[in-house]
Structure formats: structure tokens, C-alpha cells
Amino acid sequence: MNTTSLVISKFSELANPTRFLALSGRILPWLGGLTALLLVLGLYMSFTTEGDYQQGETVRIMYVHVPAAWLSMMCYSVMAISAIGTLVWRHPLADVSHKAAAPLGAAFTLIALVTGSLWGKPMWGTWWVWDARLTSVFVLFLMYLGLIALNRAMDDAPRAARLSAVLILVGFVNIPIIKFSVEWWNTLHQPASVIRLDGPTIDPEFLWPLLVMAIAFTLLFFTLHLMAMRNEIWRRRIATQRRMAARMAGREG
Amino acid sequence: MIALFLRDLKLSVRAGGGALIGVLFFMTVVAVIPFGVGPDLNLLSRIGPAIVWIGALLAALLGLDRLFQADRDDGSLDLVLMQETPLVLTVFVKCLAHWVATSLPLVIASPLLGLFMNMNEVAIGAVMLTLLVGSPAITFIGAAGAAVAVALPRGGLLVSILVLPLAIPVLIFGVSASYAAVEDPAPFMPPFLFLIAITLFFAVIGPLAAALALRSSSD
Amino acid sequence: MIALFLRDLKLSVRAGGGALIGVLFFMTVVAVIPFGVGPDLNLLSRIGPAIVWIGALLAALLGLDRLFQADRDDGSLDLVLMQETPLVLTVFVKCLAHWVATSLPLVIASPLLGLFMNMNEVAIGAVMLTLLVGSPAITFIGAAGAAVAVALPRGGLLVSILVLPLAIPVLIFGVSASYAAVEDPAPFMPPFLFLIAITLFFAVIGPLAAALALRSSSD
Amino acid sequence: MSHAFYIYLSYGISGAIVFALIGWTWLDGRARQAELRALEAAGIRRRSSAAATETSPQ
Amino acid sequence: MRLIAEDLAARRGEDLIFVNVSFQLTPGEAMVLTGRNGSGKSTLLRVLAGLLRPEKGSVEAVFRDGRESRPAREVSHYLGHRNAMKQELTVIENLGFWQSFLGDVEGGEGRSIEEAADMVGLGGITHLPFGYLSAGQQRRFAMAKLLVAHRPVWILDEPTAALDASADEMFAGLVHEHLANGGIAIAATHQPLGLKDAKALVMKGFAYHETEEMA
Amino acid sequence: MRLIAEDLAARRGEDLIFVNVSFQLTPGEAMVLTGRNGSGKSTLLRVLAGLLRPEKGSVEAVFRDGRESRPAREVSHYLGHRNAMKQELTVIENLGFWQSFLGDVEGGEGRSIEEAADMVGLGGITHLPFGYLSAGQQRRFAMAKLLVAHRPVWILDEPTAALDASADEMFAGLVHEHLANGGIAIAATHQPLGLKDAKALVMKGFAYHETEEMA
């Protein structure tokens, strides 16, 4: 059998992860530095601005809560796009992408849940209510955990990637539910005041720190995502090489 | 296709005991709740529809994970995947058979449970109707989970975790339609129509996703 | 024996089961409830213990039927049956492994779920304690059912008729002990002691019956 | 409990989660690279690097 | 009708199992696959049956001199290691199900269940539950499944494992008749199948270190 | 140690499968069981392994000239049609489990897992999940199971189904070594096993009409 032709035909594909590693290695320091800078700036701004006359000092929780909540949804969207990449183009990087993103999404969702609860206690008088917004976020958290569990339960990486891609796409219905739950059902939770069609209705006093923090969180997500993807690629390489080593040993022995 | 439907029906009656274990579990749930809320008949009849719906939802999960696994284990799944008939259709028929074998008995048993929960006639009728319309949605969405579970040697709990979050809307609209039928101000039709819409939606999405998962998990 | 215990544990953790999944499953079930009965915190805390117990029962039932079937299908059961070690002991160890893999995580997670259901500290403690003591009974009695299921390839129906009615007393005593801990007049100890008695009884009867069924089923 | 308590707690927990995330990703990467180096040292080279050098002149 | 496989390559998990497998079969031709354990026979058959997506290449059934082509899986029977029969159902129920589920592909007609059972030498015990049969009897009825619905291509994975000597002959007879009627058969085997004039393909297995460039 | 089967009879469902089977095997002896499909080979082996209760008769392993006897099942390995290995676990985990679960019977010692894997010709891939192996590789590891724990009696049901030619030799070698160490082996088979000097027992199957008087 002619093996060189195969090596060549596969070479274009293989170039992808390799090129990705090289490229991301160059970008990462810059991205990380920018993230750190913006995070510091955002934190500074969120502690120096005025409090709200109605919500008092607790409005500062918003600067963490809202970016984390946005990120929890954005992360899922990133995963959904990668899932399409897996199913339609069968791109190995897409597999890696949504596998690496799931723990990040779970973490951001957890932050949104925790800060939301901590905000709810002084504002609503309770840690937790079962309203549509809160519950749909909780469901999102469970879906992240379910996906992580699914990925861990299978050691055949390409197959696990395809299956979780199907699930990610089916679960995407939850995202619009989270986004619009405050409008479809009447809940305790705030309706959107920043991202809406007729422009933000929020006081610019709060808008600036919020925006800076949101950008900082987004960059943080991308930094971590790139790092996690690199880790995942390395993990697969190691696995393949281990198998190969064992098989070669088996042949010679 | 009819052959497939009949075979699956025969199998679940003969081997799984699907119908009975579902109904029994259902009755167990309903029997235990009064311990929690106490013998307050008013309260019971108030939460009745919700309990019946939750019981039905949980009962539908039992056995769902084996929907495709049994076929994989004996090699039938291979032959099914090879055929010209669209896989989506095959999955759809399998879902129907599963629904008839496990959920339909629940629907039929629900009036009895409504009586246990001291619900009035209208409420019982409404619960039965919403169950009849809504429970297929659970089966369809469950099929997607079961198809994913085929790749796993023992799907069990994982399937339910993947499926339950998606089943929540069904529960919400089913329960609210049942309540709307009893309480005057709320109209019955909007949530009920929504329920129908969800079922139709899942009847398309579920088999599609399941077919996709089956194709990509075959090895 | 320890090897068997570890293997069964590994299998259920590896194959899409495992502690994480059990807890997740439980959380999903609990998260579903408020959608049904509505976000009334008082009501939730009242039905809380019952819900947690039902969730545990369901989690125990899912996958229990495959306890011996998986071993029979791949031929391991034959080898297990041949050994000198008493079969009762083997069954007992398998039950323990199944309990550790699926029920114990639930027991450990139950305080968290209690919080979600807005239960107070005493109720949470009581539920946890009763679960710890009562859930093995469900596993043991389920093992007998699973063994019968292996014996009768078409005995599905029989199993469900066998297992659930026997599990109901466990559920009832567990739930009523939990409530007794919260509500003043009712004493906690009598139902709790009863629960312990039931568990001990089933810990003997269950494996014995299962061993008997397995021996007479082999073919 | 004052509002400050809730504010600092929420910043504290968020910070902890973020740091845990960063730390885990970082350490994971370090561990993977170490493993790769160990494999390299054991003489198992990726075939592709060899293949790449073989085929690139063509 | 011809069966054309072109430049097939397949992987299992992360490892390439074979590359560059090409062949053509015309009506009446058979091909026998041999090779060491783990050399990729079953993998190739599953690729032909459309159950594994090939890494590269294609398998097609071409009709009317290339003017029409269909995926090979739609015109094939696949008999794998597992029998695809339900233990709980009787043989009649099992075969009846496959007969009506599979249906006939144009160009031929399936036999009746009793006739098929007679042909595999087990007429008269079709009323037994499948789980009550011996290993060899189960395998024979799995072969009867090939007869109850018509498919021009048979893909067989170690069909005669568990069969006794007389059954080997019975099986060779079945395949010869199928070939005589213009069928095509591909079988992986470790035992002589008694098929004369069959093409042979020897799987070598792939040296693993040559294929690792993907990771 | 001797293995003594006396006047065995067994039924499956309602039908008697065989009657009056008696034999004795002493250390170093092997017995090969042949017969048509469905003639009762597997049934006899399952009776010997204590998995089916005989209708009549007994099977015993006798030690020290009859002064001590144990049920044959406790001193036997049984290799049936199914491999008794878990798809989800790696080969090491599978073999390790059986090694410590089965333990050694006095009079011998099991080999280490790697050694056993080498002996069946598959050293080096024991870290793979069992489900990833080809049919023949799975069967070989099922044989390795016989080596990791010591049992004087081996009961083998079609051990070489799915094995390639080189594996047949490997298997014959294993059995010969076992016999040379004072073991006993009983195998049902349709293929020549390459065992010289083995006793032979041909199962006839019981003509159904002859047994109806029992019903």
C-alpha cells in the first residue's frame, strides 16, 4: 500500500492544529496582558463610581454579575458554532473548541448564579426563587455539567465530539429562553437595559464600568479558551503517541 | 415500518414490562406526596395536576435509555442504519412504539390518580388531555438523549440529565394549561396550543437529532 | 470480593454513571419540581422531603434492572456462579457497589437539594439520615427483582410487580420519619427504627432471594 | 449583615472561581507540555515532523 | 449492477487501519477477505456496509453501465458477528420482522420464511424463541435472514463461525446459488469457505508508526 | 485429581438433550467433543461447569484417590461463547479483576497479566479498552483469562471460533502446556484443534421422537 500519498493528503489537515498552536502561542501573551490591564481598570472603576440611590452600594455586584451572565450565554453560542463546525465540516479544531469551552462556560455560569444569589438576598430578601430567568440559567449550568460528564464518559475523542455537538445544538433552545424569559414571563429579575433595540436605558455612570468589565471578561474568556484548546490538542497528541509507543512495543515483542 | 412498530411494541410488553413499571412508579409517587403535604384535601387537589405531570415525566424516563441500546447490543441497529428508508422515519416510528408502550398507559391511568389526589372532573379531564398531547414530546426529546447514550455502554442517568432540562418547557405548559382549565381567569387555550406546538416541534427536532447522533456514533 | 466491588464501582463510574451524574440527575429532578408546583416556597419546603426521597427512589431504579443482566449478557455471570465463594456474599457485594455508586452520592448531595427546596436544617438532617439508612433497602430489594429478571427472559412485568410494592414501605417510613423530625407532635424514633429494621431485613432477604433466583435461572 | 458583606463576598467568590480557572488551565498546560517533553526524551517523535521534512522539498 | 470500491481508507478511533483498498465486483463474483486477527477485515466490511464512514474513498453500486448509482449499503445484506435477532421473539417473528422491514430490492424476490428455514436445514423449529437455540442454530437462522429479503450484495463477517461441517457445505451451496442468480458476495473468514473462483483480498494490517501523522 | 462424570443426563426446556454420558479424565488427559449443531455439546459443558443442573448423574473432581471430592465447577475454568469481559474496561482491568476474583486453586499458580498477554500473542496492547479490539483479539484475551488464575480443569466451548490460523497453533500450545503440567481439558469444537491423543466424545443429539415418552 502506498503510504506516502496518504501522508501528503493528510498533511494539509494536520497543518491546521499545528498552525493553530504556533499562531495562538504568539497571540496569547498579548491577549493575556490586555485582559489583565482591562480587569484592573474595570475593578478600579467599579469601586470608585457612585452608588445607586435605590440599590445603594449593592449595584457594584452588577459589574461582575452582568458580564458573567452575558459570558455564560456567549460561551454557549461559541460552543454551538463550533458544534456546527464539527458536524458540517468535521474540523478537528472545532471538536477541540467546544470541548475546551464547556468547563469555562460552567465556571462563568456559576459566577453569575452565585453573584445573583448574593445580590438577591439584600434586594429581594431571598437567595433563590424559582422564576424563569433564574431557573433557565440553572438549567444552563446543568447542561454544561452534563456535557462535561458526557465528554468524560467517552474516550473515543472524535465520537464524543460529534455526539456532544448534537446535544449542544439541541440545547441551544435554552439560550433564547434565558435571554427573553424576563419579557415572556413576569419575574422578579430586571429586564434588559443595556442590550436592547432602542439603545441602553442605563445611567452612563454605571454603563462605563460595566462595559469595561464586560470587555475584560470577554477577553478573559478568549484567553482561557485558547489556552484550554492548546491543552486539549496536546492531550490528544500525548494519547496518540502513547498508543503508538505501546503498539510498536507490541510489534517488536 | 408497521413491522417495526409492532415488533417494538411486542418486545416492550414481553421483555421490559415497560407499561406496568411506569404505572406502578407513577402510583408510588402519587401515593407518597400526601405524606408530605399532609391530609389537607384542598391542598392536594391544588397541587394534583402538577404532581401527576411530574410523575408522568419521571415515569417516562424509566427505560428510555434502552430505546436504541438493546438494538445496538444484538446488532439490529446496524441493519436499521443501512436501509434506504430515512433514518428519521425509523426513529420516529420507534418513538411512537415506545410512547404507546410506556406513556399511553400513564395517560390512561391518570384519571385514577386524579381521583386519589382529590381533583375535580374538569381538572382530571384537563390533565389527561394535556398529558395525551404533551407526553409524546418527552419521548421524542428523550430519543435524542437515548441516541447519544448508544455510544455509552450504560447510558442510564446521563440520558435523563441531558433530557430533563429540555423537557422542562413541556412540563411548564402542560401544568399551566391544566391549571388554566380549573381556575377561571386564566384561559386554557394559549398554553394548550403552546403545548401542541412544542410537541410538534420536538416531533421534528427529536428524531432529527437522534438520527444525526446515531449516524455519527456508529462504529 | 474487593476486586468485584472495585470493578463494579469502576464500571458504573466509567460508563456514564458515577457520582457526578447521580448528583446531577438529582439536581435536575429537583429543579423540575418548582416548575410543576409553582415557586411557592412554603409549599416547596413542605413537599421537600417527599421529593428528595422520590428522586432517590427513581435514581435507584434507573439502572437497577441491569444489575445482573449486563453480567449475564457478556458471560461474566457464569464465571461468578461457578466459584466457591457463597453466591449470597457476591450478590451482597454487588449491591453495595451499586449503592455506593448511585445512592451514596445522592445521600451526600441531599443537603444541597434541601437548600434548594427551602427546607430548614432539622428537616435536611432528617432527610439525609433517613436516606442514608433507608436507601440500601431499595437496592437490596431491587437486587432480588433484577435477579428474577435474569431468570425470566420474559419476566419483565413480574419484576416491576415485585420490586415497587416492596419499596413502598421503605419510602413511606423514610418520608414519615423525616416529617416526624420537623413536626412536633409526631415522634421521630418509631418510624426511624422501623426503617432500620426494614433495611436490615432486606439486607438479608434481598441477597438471599437474589442468589436463589440466580442459581435456578442459569441455563 | 451589611451590604458591603454581600459585595465583598461576591467579588471574593468570583475572584476565587476565576483564579481557580486560570490556575487549572495553566497547570494543565504545564503538565501536558511536561508529558510531551518526557515522550520526546523517550525517543518517540511525532511522525509528522519527520514526514514534514521528508515531503517539504517536493 | 457492479460494486465499485475506490481507494478506501478507514480509521478506528485515532488509528488508520488500512489505506488504498480498491476493487470491483461484477454479478456472480465473490471475494474472500483473509488476514490475521485485528488486520481490519471487519472494519473493511463495515465500511462497505456504510456503517463506518471511510476516511477517504467511496463504495458504490453502479447500475445500467454507470448511468445510475446508489450507496452500496442500500443494496446489501450485512451479516456481522452479532445475529441481529431478538432472544425474546420466536424465529418466525424475528424473520417475519426482517422480511417486511427490509423489503426486496428490485431484481429479485425474497423467499418465504419456512422455505428459508428449510434451506438452512432447520425447518420445523421456527416456532421456538430465538434464545432457546444453540449457537450454531442461531447462526443458521441469521443466514436465513439473507434469504427472506432480496439483496444483490451479501457482506458476510465470519459467517461460518460456530457452524458444523455439514453446515459449511450448506452455506457454500447458498452462496453459490446467490452468485448463480447474479448476486455478489464478500466474506471475511479464517476457514476455507468452499467457494471456488473467488477473488481473494489479504488484509495486512497497517504498521502503526507510519500513520500517526494526524495527531 | 481426577474428573469423574457419571451417568449424566440433561434437559433443555422440556426436551432431554442427552442421557447416559459417563467418563473419567486423569491429569494430562484431554477430551474433544464433536457433533452436529444443536446436538448438545454446549449443554454438556454447561452441566460440567455446574451452570446447568443435570437431570440425572453427577460430576465431581476427586482428590487423593477418592478421599476428598469437590464439585467440578470450583476447580474449573469455563470459556463459553461469550468472553466474560467488559467492553468498558481495559484489558488489564478485565484480566486483573478475574485474576483476583477467581484466585488460584491449590496445586498451581496463575501467571502475571503481561505474561499471559504475551502467551496469547498480544503483549503490549493490554491498556486498550476491551471493546476496541477485533473479534479474534477479544477471543485471545478471553483465553489469557485461563492463564491468570490456576484451575486444573479447562472447559472450553468452541475456543478457536474467530481465531486465525496462527492463533490455532498458539492455542494448541497453551493446551499442551496445561496438560503437561497435569491439567485436564475438555473442548467442544467443529474445527480440528491440533490436540493429539485426546479422547473423543461424539454427541449424537437425541432424536426428538425418542424422548417424548418423558413429557
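By letter and in written order, the chains are A, B, C, D, E and F; residue numbering begins at 1 in each of them.
Here is the rule we use: a residue touches a chain if its C-beta (ideal position, glycine included) is under 8 Å from a C-beta of that chain, and two chains touch if they have at least 3 such contacts.
According to UniProt, the chain labels map to these proteins: A = Heme exporter protein C; B, C = Heme exporter protein B; D = Heme exporter protein D; E, F = Heme ABC exporter ATP-binding protein CcmA.
Bear in mind the structure is a predicted one, so any value in this text is a computation, not a measurement.
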item: Steps needed, at fewest, to go from subunit C to subunit F via touching chains; value: 1
item: Top chain pair, ranked by how many C-beta pairs fall in contact; value: B-C
item: Angle of the C-alpha superposing rotation, subunit B to subunit C, to the nearest 5 degrees; value: 175
item: Chain whose Cα centroid lies at the greatest distance from that of subunit C; value: E
item: For subunit B paired with subunit D, centre-to-centre distance based on mean C-alpha positions, whole Å; value: 42
item: Whole-Å gap between the CA centroids of subunit A and subunit F; value: 55
item: Inter-centroid spacing, subunit F versus subunit E (mean Cα positions, whole Å); value: 30
item: Subunit D-subunit F separation of Cα centroids, rounded to whole Å; value: 51
item: Junction residues of subunit F - those touching two or more other chains; value: 12, 81, 87-88
item: Sites on subunit B at which at least two other chains make contact; value: 14-15, 73, 152-154, 158, 161, 165, 168, 219
item: Residue list for subunit A, restricted to those that touch at least two other chains; value: 7, 11, 14, 135, 139, 142, 145-146, 149-150, 153, 156, 237, 241, 243-244, 247, 251
item: Parts of subunit F lying in touch with subunit E, wherever the complex brings them together; value: 12-13, 35-38, 42-43, 81, 132-137, 139-140, 158, 161-167, 190-191
item: Interface residues, subunit C side, partner subunit A - complex; value: 14-16, 18, 20-21, 24, 27-28, 31, 34-35, 38-39, 41, 44, 116, 118
item: Of all residues in subunit B, those that touch subunit A in their complex; value: 141, 144, 147-148, 151-152, 158, 161-162, 165-166, 168-169, 205, 209, 212-213, 216-217, 219
item: Contact set on subunit E toward subunit B in their complex; value: 12, 46, 49-52, 73-74, 76, 78, 80-89, 93, 96-98, 100-102
item: Touching residues (chain side subunit C, partner subunit B) in the complex; value: 11-12, 14-17, 21-22, 24-25, 28-29, 31-33, 35-38, 43, 46-51, 53-54, 57-59, 61-63, 66, 70, 73, 102, 153-161, 164-165, 167-168, 171-172, 175-176, 179
